[in-house]
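Got some structures for you, see below.
One chain, chain A, links the two complexes that follow: it is found with chain B in the first and with chain C in the second.
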Partner chain A sequence: MKQAKYGLILLLFLMVPPVIELSESIMSIHMHMQMPLLGIAGMLMVPYFKEKFPRFFEKWNANGIPGILLFMIIIIYWLFPRTMDEALTVPYVEVFKFISWPFLAGVPLRDSWGKLSERAKGIFLIVIGIIYTGMGFLYLFAEDQLCNNYLVIEQRALGWGFLFIALSILLYYAQDKLIDHSKYE
Partner chain B sequence: MESAVNQSFVQKTSERTMKFLGTNPKDAKLSLTFFAVSFVALLIGGFLGLLQGLERAGVITMPAWFDYYQTLTTHGILLILIFTGAFLIGYLYAGVSHTLGGLLPKVRKMGWISFTLIVIGTVVVASQILIGEASVLYTFYPPMAASPWFYIGLVFVVLGIWVAAFGVFINVANWRKRNKGQHVPLFSYFATGIFILLFVGTLGVTYEVLTLIPWAFGWTDTVNVMLSRTLFWSFGHTLVNVWYLTAVSAWYVAVPRIIGGRQFSDTLARAVVFLLVVLNVPGGFHHQIVDPGFSEGLKFMHVFMSLSIGFPSLMTAFAMFAMFERAGRKKGGKGLLGWFKKLPWKDVRFLAPFIAMATFIPAGAGGIAQTNFQLNQVVHNTLFITGHFHLTVGVSVALTFFGIAYWLVPHLSKRVMTPLVNKLAIWQVVLWTVGMAFMSGAMHTVGLFGAPRRTSFTTYNESAQALGWDPYLILVAVGGTLLLVSVVMVVCIVFHLMFKAPKGETEFPVAEVEDDAAPTPKWTERWSVWIVLMIAVISMGYVIPLVDLVMNAPPGSPPFKTW
Partner chain C sequence: MSNKKRTTISTVIVLVFGFILFYIGTDGFQAYTAETVRTNALIENSPKFPEVTLEDSKKRTYPFSEFEGKYVFITFIYTACSDVCPQLEVNVAEVYKNIPEKFIGEDIVFLSISFDPKRDTPEVLEKYRSYFNSDGETWRMARINDQEELDSLLNQFGVIVIPDEQGDFQHNSAFYLVNPEGYLTDVLDFTETDEAVEKVTEILEKEAGDTQ
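Up next is the complex of A and B:
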């Protein structure tokens, strides 16, 4: 329950107008901090939801695959430059961002993670790593301004950010596969 | 026959005990050598600090062949790089040797290589400052340009640090392979975290220095000044936390044992280490909070990233006082604060780190104030900042280092500290505290009145405001004088403990966990995960400003020699 409270506080904090103003004023912070933090807020609420609606999660996300697919659909949607633009200019899309990230990405991700097999987790990390690498190159090398609301220089910074996050995810996967933890633990 | 067998058994047992529980004598020699360099650097650096304080107060004028800025640069480099760097390597190597059953032969060799590189680097750097070719202060901001050999000397120092870091990584990995399922002892866990932080923190500044060398030689025309400053502070603030984490290691590992208590929580201590490793590097950006060229939004985001570093420090403050209370109550302390009186106030091994911890309360609060944009604007280029880091480094870190030296040096040299020397050491600590209270207190106050840092004495054409600073600057000089007396005392005591104190055994204090302590979770050992998280957090903090500084780079600056 404590976690759920922290999650709710984080979500409310991210919804405060000056915080929205700051976090959406820089492209990288918008995509690589505000959105993941919204997801984390949702993840923190999972124990509460599972306690309140246990049968829902058992019925609809028994093996974790539907949840992880929902997560992928949501984050891929938010990777489009146009959706970021719309979040800034169309209020409904902004509202959808504050609902979709915590409840349709964060919640299913945490619920699914414990249910997925090691192989499925590996595939998930590789896919995310590849997508983020691709996005990194897209934002780095696109000659045009992809978002109406952000300058090309911010696009480049976002590209580098994508590459570093992809590197972190792939390094995490590699250390998990290459280091034989049984040797040490 | 029987007695010979017994003797042989006792000898073997003693050797085995030494091997697994004591610091190996060969490793002790390495650590003592580092300490010798460290305390010689403290003596010279401290003496130069006093000269600098006297000139800043208008009491003396330094000669033209070794002016104020040469003094300031040498003072900074010797104290913040060599005194602290050599001390922490000597201390961590001794602790790793003690807790992991001795250094591997190749790691010991790496320790000596590290020592050689650091000494060569120091000599090269110091020689350039002495001949007047490198009065660039310890931050060596371009476009002020030193002789290229100054930067080459710094490269040697960094290489020395890297060799020492990889030595510890190899030793810890080897131990983990040989001791499956066991947690790395807490001391070595700290050493691993400290060296990871130090290695990653030095990557940015190494790149900076490698761009400054061809620029100083004249092979390249210009250098990106803002980029250099940013890369410097990705290292500068990390270095501060490396010292802090080194001091904290003694607070968690040794202090509980010294006061007859137990560790508050092994898991909490390890969480403090990896949180500092993960969160620390982007914190460096708050040193540039009044720099031009960065948007306010970016600076505001960095305020959050910097303040997050305060979280593990608050965990430490809680753990320390909880541990003190438990130990005091076990000794019969009653009532709300009765436990406080039961602490061993007459033992310098406790008194020094305690004052260090207590000082971190105002020092940390000052740091949090400076992290904020508006407050930083008020004090940024003033003596307030100098006062702040004389509290953090000069008290919280230095006093803990002295406290460590008072048990580690006799432990390594197989000697003991006599009650008389303990009393002398207590006076040294008291003198240091009073001296620093005068000096740092005056610096904080006069800084609020606008007295600038990094400038020699001037009255600005007898301006009334500048003349109003003078009484405080005199207090700075008074504090500096007391500090030099204290420096001489600590150096004498340390060398006495190294070579002259009575022979005997001194304990390497390592605290145990409480009998009913919860087991430490295995995930605390997953360094690969913490390193990945660290990379992600650093990229969050630095990608935006670095891309901007590189892609929107100004024309660049040629080198300037302003002295």
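Up next is the complex of A and C:
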């Protein structure tokens, strides 16, 4: 339960107007810090939801697939350059960001991860790695400004961020595959 | 109902939700950037070019209505720009070169408008113009001295200009086509010069056909 409290505190903290302003002023912080932190806030709240609705997750997300798909849909939606701009200019898109990241991405990710088979986890990591690599190249090599509210230089920084995350994910996947876990248990 | 069945149902629900979310979020898989949304809205609303006073590289001042009766092919630039503007103007030159000569100056005029009137004096524009083989007549470069007029134009045409610390500007770029009545009729991708030439020529030929 302590976790859920921290999650709620984190979510509320991220909703404080000056914090919103700061976290959206720089493109990389907006995409690679604010959004994932919102997701983490949701993940921390999972024990609370599981206690409140113990059967719900068991019944509707038995193998973790619906949950992980929902997570993917939400993060892909937030990868569109348009949604980043609209989060700044259209109020209901901003509201959707604060709802979708914690509750439609963070919560299902944590609930699903433990339920997924090793194979499904591998596929998930590779797909995310590929998408992030693609986004990295897109933001690095786009000639024109993709988001009207951010500078091209920030766009490049964001591109590097994507590549770094993609590399980290793929390295994690590779070490997970290559290391003989039984040696360390 | 078994959990397996329920999970299948929730998978379907999630996928449908995702489809709807992406469909709404991209205007039916059309617009993935705010820039596309902006251009689509502009073309739909076709705003009138506001009455502004231009000062061109030949130090002539005239209102925009000088171009009444002709199409005007417009770009927004500033000469100190080192990244996108030179490319933008190179592409304008490309379009200028490829539109049938009989239309140039008669039915269509090219106009590059600077949004940095402080630095882009007629002398600077005169020099800049020569880099792109603009003749200063059928392809003019001009500044708008009145900040209020300039802001209203940028605002109506959705040109977003963000000044940065180094005295540069970040701005979105496109080809704007204003019709003989002074209304914006099209916003074209500045990287697709062939497409722009084709579209503009088609419009001009149609117009010529109508008046004959």
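FYI, the second predicted complex is superposed on the first by the 185 of 185 C-alpha atoms of A that agree within 3 Å, B and C clash if a C-alpha of one lies under 4 Å from a C-alpha of the other, contacts with A are read in each partner's own complex, and residues count from 1 in each chain.
Convention: a contact is a pair of C-beta atoms (placed from the backbone, for glycine too) under 8 Å apart; a residue touches a chain by one contact, two chains touch by 3 or more.
The model shown is predicted, which means the values in this text are computed figures rather than measured ones.
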| query | Looking at the overlay, does A:53 come into contact with chain B only (first), chain C only (second), both, or neither? | reply | neither
| query | Given the touch rule stated above, what does A:13 touch, chain B (first), chain C (second), both, or neither? | reply | neither
| request: Tell me which partner A:141 touches in the superposition: chain B (first), chain C (second), both or neither. | output: neither
| message | Looking at A:26 after the superposition, I want to know if it touches chain B, chain C, both of them or none. Which is it: first, second, both, neither? | response | first
| Looking at chain A, which of its residues have contacts with both chain B and chain C? | none
| field | chain B partner contacts - residues on chain A that touch it in the complex | value | 22, 25-26, 28-29, 32-33, 153, 156-157, 160-161, 164-165, 167-168, 171-172, 175-176, 179, 181-185
| Which of the residues in chain A end up touching chain C in this complex? | 58-63, 65-66, 69-70, 73, 76-77, 80-83, 85-86, 89, 143-149, 151-152
| message | Residue numbers of chain C touching chain A in their complex, please. | response | 3-4, 6-7, 9-11, 13-15, 17-18, 21-22, 25-26, 31-38, 83-84, 87, 160, 162, 164, 170-173, 191
| request: Spell out the part of chain B that touches chain A in their complex, as residue ranges. | output: 176-177, 180-181, 295, 297-298, 300-301, 522, 525-526, 528-529, 531-533, 535-536, 539-540, 543-544, 546-548, 551-552
